[in-house]
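Note that chain A is present in both complexes that follow, paired respectively with chain B and with chain C.
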Partner chain A sequence: MDIQTLTLALGDSTHAGRRFDVMPITGDEPVLQVTVSGAEETPVYLTVTDTQILCLAYLFDEQELNPERLNELHENMLRLSVPMPLSSLGKTGDHYVVYGALSPTSGAAEIMQELVTLAENAIDLLQTFEDYLA
Partner chain B sequence: MANKPDWSKEEQAVQAVQMAFDLSNDIQRAFRVSAAIQNMTTSDMVRKVLELPYQKTRARPRLTITLKDEDFELLARKYGLGPQDRATIRQRVSEDLQVFARNYLTESE
Partner chain C sequence: MRSILNKLLTAMRGGVNELGEAVVDGQGNRILEQELRDSEQELKQAKQELAALMAESASLARQIRSEQDNASKREQDARKSIAAGQEDLAREVAERIVGHERRAVELTQTRELLQQRIAGLKERVQRAEKQLADYRRELQVVKTNERVLRTTAQIDTNINSQKSSLNTAKETLERIRERQAREEDRQTASATLEKELTGADLDEKLKAAGIDGEQDAIDNVLARLKDSPAQ
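Moving on, here comes the complex of A and B:
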């Protein structure tokens, strides 16, 4: 599934009653910003490589966190990452993220399932980790 | 970490997503700020840039705040007043907002 096919597929589809607003962001590597209806505050960024389809939502920056509780937060993130459906927690630069990766041969239905789950997980995680914000 | 596998392509993809996130944040900020300066809603500003029909100005720009019971309690404590003294609290809120606006406009000049 390439980015263009995916852009068209998402724009015309609904999954579990959710719609997808797709905004292509041009750059060296094409990236889609996908807003899932009902989870507008946590847009999902998606990019396709030879080996995976990477979907990623941003949670918070390191500067936003209470530094005294950072270790405790990391411990909880690692523990929560295992049972969380279809998503894992990670960090890129100063940003804490929740992400999911799919095979590049995945169909539109699997990708939409991932996008909906990821956006919902991101909202749940923001509430769960609210106490760690400075 | 010894013998780190070559995931440079994947790292590039992560970097691309990071740049896309930063760019979309910058775009959003630009639209929010330009809309505020031109006294428009953000969605009308987007429509203006795309040369789609939009409302020229906000119908009635207003500055309102709905204060809940707990807000009155917090403000009463801040101003050293009783929470029941709502008229005075509202007066003090209005004064604070004016001070903010005056300082903000002076700083922007």
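Moving on, here comes the complex of A and C:
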């Protein structure tokens, strides 16, 4: 599944009653910004490599957090990362992210399922961890 | 693998995350890729060699069996010759038997040496396969890390260039709450509309005013029954 095929597939499809608004992010890497209807606030970014399809949504940046409760937040993030369907929690640069990786052989249905789940998880996580914001 | 992970962590903690600052430099990456290619080459050669040796060993086994078969066949010939009193013929056959038996022993020795080489080579193949898997895993980690860094940098640049979508978590939460409130309003509105359409809202109002159609009906029946008591 490459970026072009995926862009076309997502633009025309609905999954579990959701529509997808796809916008390519300009730059050297093939990156898509996908907005899932009903979860527009947390766009999902998708990139395809040789070994995986990586989807991620931003939660918050380090400087937005209450530094005194950082350890507690990390502990809770690690614990929630395991049971969360199709998503894991991580950090890249200053960004705390929720992400999921799929096999490059995944079909459109699996990718749409991932996108919907990730966008919804991002919203749930933001609301869950709101108290840790500075 | 552990050294790669440690390098990555050190670089990340040191804040090496900006675009263009690869955590494991391009040189290191190329070395890994070269090692990967060398391992693949070695593995390919070892496997070809192994296949050739195994074919040779199978061929030797066939030859050994053939010599042994011939020896036992000739033994019968020799016995028959002795029984027929043909002592000279029996001696000639016996010489043949010795020849077959010697060749069988020689071939068996050769084959044993070959089996040892095969065992050694199999071990080499296994080692190379394991090393290859290790290199692939390392390279994947390094490449994925670089990809994630480049991708997030690209997303950030893009978000920053269109100021409207630059959001803090608090702003995002506010928008989520607004949407959730709108959805709730819509649900309440549609529930109200449904009540109006089915007349359920009117029934509720009447009940609240102490006018209950259902209760009235029951009272009426009771009154009728009391008017016509049982005989």
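What we mean here is this: the second predicted complex is superposed on the first by the 134 of 134 C-alpha atoms of A that agree within 3 Å, B and C clash if a C-alpha of one lies under 4 Å from a C-alpha of the other, contacts with A are read in each partner's own complex, and residues count from 1 in each chain.
Quick note on the criterion: contacts are C-beta pairs under 8 Å (C-beta built on N, C-alpha and C of every residue); 3 or more make two chains touch, one makes a residue touch a chain.
Model, not experiment: these values are computed from the prediction.
Asker: Touching A:41 in the superposition: chain B (first), chain C (second), both, neither?
Answerer: A:41: touches chain C, not chain B.
Asker: Would you check which partner chain A:93 touches, where first means chain B only, second means chain C only, and both and neither mean what they say?
Answerer: A:93: touches chain B and chain C.
Asker: Determine, under the contact definition given at the top, whether A:27 touches first (chain B), second (chain C), both, or neither.
Answerer: In the superposition, A:27 contacts both chain B and chain C.
Asker: So in the superposed three-chain picture, is A:64 touching just chain B, just chain C, both, or none of them (first/second/both/neither)?
Answerer: After superposing on A, A:64 lies in contact with chain C but is clear of chain B.
Asker: After lining up the shared chain so the two structures overlap, which partner does A:49 touch, if you call chain B first and chain C second: first, second, both or neither?
Answerer: In the superposition, A:49 contacts both chain B and chain C.
Asker: Can A:108 be said to touch chain B (first), chain C (second), both, or neither?
Answerer: So A:108 meets neither chain B nor chain C here.
Asker: Of chain B and chain C, which one contacts the greater number of residues in chain A?
Answerer: Partner touching more chain A residues in the overlay: C.
Asker: Of all the chain A residues, which ones make contact with chain B and with chain C?
Answerer: Looking at chain A, the two contact sets intersect at 25, 27-29, 31, 33, 45, 47, 49-52, 54, 56, 92-93, 95.
Asker: Name, in rising order, each residue of chain A that touches chain B in their complex.
Answerer: 23, 25, 27-31, 33, 43, 45, 47, 49-52, 54, 56, 58, 92-93, 95
Asker: Of all residues in chain A, which touch chain C in the complex?
Answerer: 25-29, 31, 33, 40-42, 45, 47, 49-52, 54, 56, 59-61, 64, 92-95, 123, 126-127, 130, 133
Asker: Which stretch or stretches of chain B touch chain A in the complex?
Answerer: 9-10, 12-14, 16-21, 23-24
Asker: In the complex, go through chain C and note every residue touching chain A.
Answerer: Residues 17, 140, 143-144, 147-155, 157-158, 168-170, 172-173, 175-176, 179 of chain C touch chain A in their complex.
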